[in-house]
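Chain naming follows the written order as A, B, C and D, and within any one chain the residues start at number 1.
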Amino acid sequence: MTEVTYLEAIRQGIWEEMERDPAVFLIGEDIGTLGGPFRVTEGMQAKFGAERVIDTPVSEQAIIGAAAGAAHMGHRPVCEMQFIDFIACAYDMLTNYVATARYRAGLRTPIVVRGPSGGYVRGGPFHSQNPEAAFLHTPGLKIVCPATARDAKGLIKAAIRDEDPVLFFEHKYLYRRIKEELPEGEEVLTPIGVARVAREGSTLTIVTWSAMVWKALEAAEQLEREDGIQVEVLDLRTLLPMDEAAIIASVKKTSRVLVAHEDTRTGGVAGEIIARINEHCFEWLDAPARRVCAHDVPLPYAPPLEDFVLPQTDDLVAAARWL
Amino acid sequence: MTSPDTPASSAPLAAGLNRWQLLELYYWMRLTRSLEERLVLLHRQGKVVGGLFRSLGQEADAVGSAYALEPGDILSPLIRNLGSMLVKGATPLEVLRQYMAKAQSPTAGRELNIHFNDLERGFLGQVSPLGAMVPVMAGIALHFKLTKQPRVGLVYVGDGAMSTGAFHEGINFAAVQRLPLVVVCENNGYAYSTPARLQTAAAHLTDKAIGYGIPGLRADGNDVIATYETTRVAVDRARAGGGPTLVELVTYRRKGHAEHDDQRYVPAGEIEAWGRNDPIDRYRARLTETGWACGPDLTLTDERVAAELDEALARCIDEPFPDSSTALTGVYADPLAAPAEWYRSLTPRPPHD
Amino acid sequence: MTEVTYLEAIRQGIWEEMERDPAVFLIGEDIGTLGGPFRVTEGMQAKFGAERVIDTPVSEQAIIGAAAGAAHMGHRPVCEMQFIDFIACAYDMLTNYVATARYRAGLRTPIVVRGPSGGYVRGGPFHSQNPEAAFLHTPGLKIVCPATARDAKGLIKAAIRDEDPVLFFEHKYLYRRIKEELPEGEEVLTPIGVARVAREGSTLTIVTWSAMVWKALEAAEQLEREDGIQVEVLDLRTLLPMDEAAIIASVKKTSRVLVAHEDTRTGGVAGEIIARINEHCFEWLDAPARRVCAHDVPLPYAPPLEDFVLPQTDDLVAAARWL
Amino acid sequence: MTSPDTPASSAPLAAGLNRWQLLELYYWMRLTRSLEERLVLLHRQGKVVGGLFRSLGQEADAVGSAYALEPGDILSPLIRNLGSMLVKGATPLEVLRQYMAKAQSPTAGRELNIHFNDLERGFLGQVSPLGAMVPVMAGIALHFKLTKQPRVGLVYVGDGAMSTGAFHEGINFAAVQRLPLVVVCENNGYAYSTPARLQTAAAHLTDKAIGYGIPGLRADGNDVIATYETTRVAVDRARAGGGPTLVELVTYRRKGHAEHDDQRYVPAGEIEAWGRNDPIDRYRARLTETGWACGPDLTLTDERVAAELDEALARCIDEPFPDSSTALTGVYADPLAAPAEWYRSLTPRPPHD
């Protein structure tokens, strides 16, 4: 066992898959000699060569389109978006080409599109986004958002092995802030589509994912300390496909639920989750499920503004107490 | 084609092509046009479910360019490249089924017209967003390069598609990586109603090659031999590791963008003028004048095409649409099918009081 | 009064605004001599000239980006997407540039992006889409989806006059299928952000918009005929901003609600609506709000497949009876 | 600048610029560099909230190109165009406030570094997605054309940004419409860590102009006079109705992409070599050698720059961040503010039993 950061865990996962399967290659901007702005692919070009770690022009459509073409032929490309915000530039390629390829044409497109997402880092409006909601309504894609180092490793490996295109949203706030002991020898693999109970509880469920899981855990501890209530924290880990069963099970157990995410509220993923809760366990609810999300504005740069716009631990505490 | 490749006929006569191959070019062009003519009738009869797109007058550029590829090479067509698809082994039966959305169509009725693919035979059907296939075909060429296979990718773009960001990003990436990709631009004068001069200020579309640091070649797209020869140069260069080439084939779209388009935007006389430059008429004349083929060869070929189309049509005309039960499968490898929506499996309750 | 189609109503609305305000111009592919594939801009280039009806290259990013730049300077451009499906190509420009311009930089960007959307026309996967859900979580944008000829005219005029960017999704199935008497002299203007009760009812509410409004009305009539129940049909007309008050009022009245839309279910707009219903009138609900949406697959071409995937009138009837 | 424009100093000495203007060019370059040096210190002190981006060695291309514009013209910068912004009237005070996210910053703390704008003064701050400003500036040039104003738009792109689809669509549209737009490419050798040869296979970035059917011009970006003169040709052409020009300014990014970048990917000696080609050193030497300016002029200018920066910094260093209450306003003209989320206005209930 050694302690690895969330970032190192992703790096290890990619490295292991590169070693295991020659069909895997990496493609993106500045991932070679630089190793990417956050060093997720550090040392990989030196180890695996420039043919398997391809530095591209500033061309997100080309990165993802070329990955798709190579994937049709048997490769398993892993694409890096330098910041996930720029995935917007390849929105057509992802939603119209990649996502539909299997259904309309029986084409295999096992690609991973990964990159740093998320706020709380003073990144301003274009280096802080959480694009889950932009792709949730795209059948054919899978969406993964790990919260822990173990899941970051286990899910990147599962994503690379998956037969279908997977969007892998890393949270840059977690990159170096969280550490975890990971087994040396044995292989870490986390199944896509399966949620994780991050904390057992009986009074209330917080359904969330990615960096918000840690805020939910903080809130849960505070609520136990101060109010003596047991909050269950459900870490979805995968948003598409969504682990409906895990959500239903937890809600039936606690009868009270908050859905929390970092993206803006209107049109965010929480709406989908609440609709499903409503469809499947309406009768079990003691109170309406409520959302704790960012305010409906672009994410501003100045600390007091970013802190105000994004949901904080205190907000989860207040919302839980009110519920 | 079944005609035996006898020594006599196998001596190269033009562009390194023998009698048999020269006649085959005619066959593919004729097959393309006749198939479209059948589709027009079917469209009038309401048998074509969606829109119908013609390549009348462009058969030579489609056929000649695709003919420059080898088995194992892969192309991606545009809407006017029915001929290219046929050369690469797509069958009239498949095309008829696609247009009529038959259960037996290559996409089982999910996609339209020539939006279908078989990477074994060597064609990857396009999606509608223009330009998207350029990065994708760059990826297929990247696969050839990474696996060190002497194979080539070819992607068609129109004078319109070249204005898209996807085209730019894809061809630029291919150029930087020196990928075995040939980008064939069919300059047919229009993008829907938009004339080429409103599409680019460049004097020639091949000028764009300079901006990507790759060679550009231009040929008369209504001359099937010239089209073949020029594309062949680009294909050979790509196969030899020389990287991408932009090939401009100058032709003309004599029909509307789709069947319903009345071409109100076309200057008077233009279509007629190009009609006198019909690629099939030109090639027929050339075949007979040069003696590469004789009248009977051509008649025989025309009859054969008609017979093949009769047979294909007879086979599929009465086939059913796909069954609705197939609509939900294959979005993912796993799960195998999307769930049917709840409202489809309800036992109605008594009316509300 | 003369009878005009939904398409003609849009055309009239644009025409009147072009005449009224010289700041308005049209920009898009084939909108000039052709008048667009559906002839929405028929005759406008002849009338207003090539400088105010601009045929562009096949470049959605350029169309919307250039419109935004001109709008900053005082113009009010109306952009046509030849089919709304291709708005995906300008996703970055719309979500990162246009939508954020006022908030981050105080820039006025009064543009309209319009085009034919929707299925039921055998258009296949790339000529049938309903992209509402792709933009609902983008603060800074407005989204309009008219269902009637009157609203098509009233809303396109309101959209052109709006100070902020408006996505105007026309339904191609309705273009020539519906007609309505519109007053000659007086001006038709429909406020953005205000829903419309398309049919009064007391037993159940169907919340919907665009072409689905007509299916809801059919279902309502059948349910009245056969079951004697009174279904209220709420036509949202605008999705962003959403007329929450109108939804709440109707739900409080009927206590039963179906949310119906043509787009796929997962991640669709219905989730947001149900979350809001849940937040604001949970106690009034006699049964969980349910969704009637398309199945979670790309839209196929063959009639039996398209008909199966999309929600139909019978589905609304069955769902209403069950609820 | 305040120095009186006396007849003596107003006679053109070079590139049609008089003594006063030639000295002003020096002033802008010096101001740019010194301002960045202040920002480096502030960054080390943790006063710069986000990242810090340098244009060390590129001051001449930024200043000289912007200096070619007239009042009423509008430019859109890239991250290395602090100098261009200053020339167009953005103040050091504004820039300092932006970096430090002060309440008084032009964007009230909402946006970073030089992402701010004033269309009156003539600059439109960029967004992060590269290439996006090319279509937008084409739109501003379109406005100039439609309103028949003799005004010009200028947009900066890097060697990297030119690979984006947005760049392609924007410059192509501008070319077809012959819009008064100048596209200035700062070829500084790198896009983050990516050398220009991995960005394009073209021999010169100006080759891309050919593909768009517009003129291309290249100049030594470290020679402020050459940069000014070359850009001026493009600006005059645009103003005269001659349409867009692509101007390549050859320079070098001597610092990392951002402060944290250790430039591990740069070949040894390269940075030093370019250090010997410093645009400010070069211009200082030239000014004195030619006698366009004398030592005291330059010392005076340096002192003035230092004084202005001292004053600007003193003014804003202790200013507060914006108040959180301002976070929700101005997403739309109407409503004026987004609602505060429900969980911010709760009276806590008693703990659950």
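Assume a contact is a pair of C-beta atoms (placed from the backbone, for glycine too) under 8 Å apart; a residue touches a chain by one contact, two chains touch by 3 or more.
Computed from a predicted model, the values in this text were never measured in an experiment.
Centroid distances from chain D, each centroid being the mean of CA atoms, peak for B.
Remark: among chain pairs B-C and C-D, B-C carries the greater number of C-beta contacts. Inter-chain spacing, taken between the CA centroids of chain B and chain D, is 46 Å.
Averaging Cα coordinates per chain places chain B and chain C 35 Å apart. Work out the mean CA point of chain A and of chain C, and you get 31 Å between them.
Mean C-alpha position of chain C lies 40 Å from that of chain D.
Counting partner chains per residue, chain A shows two or more touched chains at residues 56-57, 59, 61-62, 85-86, 88-89, 92, 96, 100, 103-104, 125-126, 139-140, 279, 290, 296-298, 300. In chain D, the residues touching two or more other chains are 107, 110-111, 115, 127-129, 163-166, 169, 172, 176, 198-200, 331, 338, 342. Residues 25, 51-52, 54, 56-57, 59-62, 64-75, 77, 92-93, 96-97, 100, 102-108, 139-140, 142, 163-164, 241, 279 of chain C are the ones that touch chain D when the two sit in their complex. Chain B makes touch with chain A in their complex at residues 107, 110-111, 115-117, 119, 124-125, 127-129, 132, 134-143, 146, 165-166, 169-170, 172-173, 176-177, 330-335, 338, 342.
Those residues of chain B that touch chain D in the complex are listed here as 163-169, 172, 175-176, 178, 197-203, 207-214, 243.
Across the complex, chain C meets chain A through its residues 85-86, 88-89, 91-92, 95-96, 99-100, 103-104, 125-126, 133-140, 240, 242, 263-264, 266-275, 278-279, 282, 285, 287-291, 296-298, 300.
Those residues of chain B that touch chain C in the complex are listed here as 49-50, 101-103, 107-112, 115, 127-131, 160-161, 163-166, 191-194, 198-200, 264-265, 321-324, 326-328, 331, 338-344, 346-349, 351-352.
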